[in-house]
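I've put the structures underneath this note.
Here chain A shows up in two complexes: once beside chain B, once beside chain C.
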Partner chain A sequence: MEITASQIIFYILSAIIVGCSIMSVVSRKILRAATYLLFVLIATAGFYVLLNYHFLAAIQISVYVGGILVLFVFSIFLTSQVGEKMPQVKLSRRIAGLIVSLGGAALTLFVLLTQNYPYAAKVSESEIDMYAIGQSLMGTERFQYLLPFEAISVLLLACIITGILVARKK
Partner chain B sequence: MSIPMEFYLVVSTIMFFTGVYGFITRHNMLAILMSLELILNAVNVNFVVFNRFLFPGQMEGMFFSIFSIGVAAAETAVAIAIIINVFRNMKKIDTSEVKNMKY
Partner chain C sequence: MFDFKVVTSWIDDLLRVQAGIPEFWTLAIEFVLVGVAILAAYAVLALVLIYVERKVCAFFQCRIGPNRVGKWGWLQTVADMIKILLKEIIHINKSDKFLFLVAPFFVIMGSILAFAAIPFGKGLHAIDFNIGIFYLLAVSSLGIIGILLAGWSSNNKYTLIGAMRSGAQLVSYELSAALALLTVVALSGSMQLSVIVEKQATVWNVFHGFAAIPACIAFVIYLIAGHAETNRGPFDLPEAESELTAGYHTEYSGITFGFYYLAEYMNMFIVAAIATTVFLGGWMPLHIPGWEAFNHVMDYIPSVVWFFGKAAMCVFFALWVRWTFPRLRIDQLLKFEWKILMPISLVNLLLMAFCIILF
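Let's turn to the complex of A and B:
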C-alpha cells in the first residue's frame, strides 16, 4: 500500500496534536502551556483543511488563535510573573487524573474501534461551496440557521457587556 | 479520503481525555480554562468528522462546530473577565488558595 501525501500530512498533524496537547496539560510554565495550546489549535485547523472544510479552518484560525489565545496570553501576563513555575501537583491527584483519563480513553477507544460505521457510499472530495454556506447561514427554511446565528450575536453582545462590567475598575 | 474515519476519532479522543486530565490536575484557573479549550476543540473535530464521513451531502456538523466555536469564545471571554476580577481582589488565581469564594 503506497502512502499518499494527505496521509503523511495527517500523521504529522496527529503527532503535533497528541504531543502538544499532552505537553500543554503537564507543562509547569503557564505561558509555555498556552504556546502548546496554540500548536494544537493550528493543527486542528489543518485537520479541517484536510477534510475540505476551508471556511471552518479559517474560522478556527481567526477566532481561536487570533481571539481566544491572545486573550489567554494577555491574562497570563496580567496575573502571573514571567518565568514563574506553577507548584508541583500532588501525586495522589495526578494518579486520580491519570486513572480517570486513561480509563475514559480506554472505554471510548474500545467502543470506537469495535463499532461498524455505515459509511456513506461516496465521500465527496470537493470543498463546500461558499454560496451554499451563506445561504444556509442566512435563511429561515429547513436546514438553514438564521435563528441560531442571531442567538449567537445576542450572546456575544451580552458577553461584551458582562466583560466590561465584571473586569473594569471600580 | 484515503484516511479512515476512526483515525481522526482516535486523535480527538486522545485530545479530549488529555483535557480531562488537565482539568483534574491543574490548580491555576487559567490552566483549567485551557484544558477546557482542549475538550471543546476535540468535540468540534468529532462533529466535523462525523459530518464529513457519514453525511457528506449535508452541513449540519459544520454549522454545529461554527456555533460551538462562537459559544466557546463568549464563555472564555466572560471566564477571563471573572478570573481577572478575582485576581484583582485576592491577588491570586490558584483554586486551592482562593477560599473566600467557597461559601
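Let's turn to the complex of A and C:
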C-alpha cells in the first residue's frame, strides 16, 4: 500500500492525540493535565487543516486554545493548590473508570465501523469559501442557520447576565 | 511593479521540470525553503527592531544609545544575540520543569505563525488563507497560554502576578482588536489578506470616501489594542520592572529568555504589519484618483519598500507612545478597555455598516 504524505501526517497527529489524551487523564498535576489537553486541542485543529477546512481549524484554536483553556488555567490558578499532586485515586474506582472508558470506546468504535456514510464521497477537496460559510450562517433559506445562530446568542447573553448577577451579590 | 511570483515560480520550475524531482519531494523541499526563509527573516527583523528601539529610546531620552560595537553601534544587537545563545539555561528549584521549558515555545510559535501569513510584497506571501484575518487572530491567542504557564511554572510570586495581569489584559484587548479588524472586513467584503490588499489598489482604506471615518477610528483603536497586546508600555504592567522585576519572564535565562524577547519585538512588528495591510493598503503604492502622472511615479517604488516603509512608521509610532506615557494601573487598564474602547469599536462597526449601505 502506498503511503501518502497526508497519511503520515494523519498518523502523527493521531499518535499525539491518543498519547496526550491518556497523559491528560493520568497526570496527577492539574496544570500539566490542562497542558496535555491543550496539545490534544491543537492536534485536533491539525486534522481540520488536513481536511482543508481552515475555518474550523481557526475556530478550534481561537475558541478552545485562546478562550476555554485560558479560562481553565485562570480558574485553576484561582481555586486549587496548583503545585501539589492530586491524591491517589482508590483502586476500585480506577478499575471502574477503566471499564467505563473501554466500554465507551468499544461502543463508539462499533457505531463508527457499522455505520455507512452517504455523504463521505461529497467532502470537497478544495478549501471551503469563507463567503459561503458566512452566507449559510446568516441566511434564512433552506440549509441556512440564522435561527440557531440567534438562539445561541440569546443563550450566551443570558449566561453573561447571570454571571454578572452571581458576581455582584451585594 | 516587480512581482515576486517570478522568483518563486522559477524555483518551482527549477525543481519540478529542470531537475525532475517527484511531486512529494518538490513540495517537501519548498516547505523547508519557505520555513528557513521565514525563520531567517524573523530573526533578522527582530535584531533590527531591537537596535531601532534602543536607538530611538536613547534619542527620546537625550542619550546616544549603543555606539561602541560597529559604526553607530549597529553590531550591538548581533553581539547581544551571540551572548544570549551562549548563556546557560538556569533551572529553577522546585518548579515544574516540563511546563517551564514548554512555555516559551507557545509564545514564539504564536508569533511565528502570525508572521508567516503576512503579505510582504507583490507575490511575496507565503500562505494566503481564505480566512486570513481570522487566522491571524486565532494564532496570536496561542501566546496567552504560554505567558500564563510561564508565570506559574517559574514558582515565583512576581511572575505569577505578572502572568495574571497579562492574561487579563490580553484577553480583554483582543476583543477591541478583533472588532477593529472586523470593521475593515465589512468594508472589503473578504477576510483574505490578498483580496483586502487588492481592494486598496485605487485608494487605501483610511482614505476611502465616507467609509474613511469609521476606518480611521478602527485604525486608531487597532493601534491602541495591538499595542496593549504586545505588553509594551503604557500597558507594560505585566512586566513592570519597578514592581515585578520583569513579570512573567523573570526566571528565564539564555535562549528561553531570548524567545520572549524576540517574540515581544516581533509582535510589535506583526501588529504594525497587520495595521499596514488592513488599513494602509499593504504593499500598494499611494494612489490619488485623477493624478495619473503621480500614480505612475509611485508605481516605480518597489512593493516591499512600500510595505516596510508603512510598517516602520507604525513601529516608530509604537516606540514614541512607549517612551512618552506613564504606566497605567490594572484597574485603569481594564476600565479603559471595557468601558471606552469596546463600546466605541462596537458603535464604529455599526457606523461602518451604515457607510457601506448608504454610500
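Observations on the structure shown:
Basically, the second predicted complex is superposed on the first by the 149 of 170 C-alpha atoms of A that agree within 3 Å, B and C clash if a C-alpha of one lies under 4 Å from a C-alpha of the other, contacts with A are read in each partner's own complex, and residues count from 1 in each chain.
Convention: contacts are C-beta pairs under 8 Å (C-beta built on N, C-alpha and C of every residue); 3 or more make two chains touch, one makes a residue touch a chain.
Every value quoted in this text rests on a predicted model; they were computed, and no experiment measured them.
When the two complexes are superposed, the chain touching more residues of chain A, out of chain B and chain C, is B. Shared-chain residue A:F77: touches chain C; no touch with chain B. With both structures placed on the common chain, the touch criterion links A:D129 to chain C but leaves chain B unconnected.
Shared-chain residue A:I17: touches chain B; no touch with chain C. In the superposed pair of complexes, A:L41 makes contact with chain B only, with no contact to chain C. Contact with chain B, but none with chain C, is seen for A:P87 once the two complexes are overlaid on the shared chain. Judged by the touch definition given at the top, the superposed model places A:H54 against chain C, while chain B stays out of reach.
Taken together, the two complexes place residues 55, 59, 67, 128 of chain A in contact with chain B and also with chain C.
Looking at the complex, you find that chain A touches chain C at residues 5, 29, 31-32, 35, 38, 54-55, 57-59, 61-62, 65-67, 69-70, 73-74, 77, 82-83, 127-131. On the chain A side of its complex with chain B, the touching residues are 4, 6-7, 10, 14, 17-18, 21-22, 24-26, 30, 33-34, 37, 40-41, 44, 47-48, 50-53, 55-56, 59-60, 63-64, 67-68, 71-72, 75-76, 78-80, 86-87, 89, 93-94, 96-98, 100-102, 104-105, 108-109, 112-113, 117-120, 122-125, 128, 132-133, 136-137, 143, 145, 148-149, 152, 155-156, 158-160, 162-163, 166-167, 169. Those residues of chain B that touch chain A in the shared complex are 1-3, 5-11, 13-22, 24-28, 30-31, 33-35, 37-38, 41, 44-45, 48-49, 52-60, 62-63, 65-67, 69-74, 76-78, 80-85, 87-88, 93.
The touching residues of chain C, counted against chain A in their complex, run 24, 27-28, 96, 98-99, 102, 129-131, 134-135, 137-139, 141-142, 144-145, 148-149, 152-153, 155, 160, 164, 167, 171, 174, 189-192.
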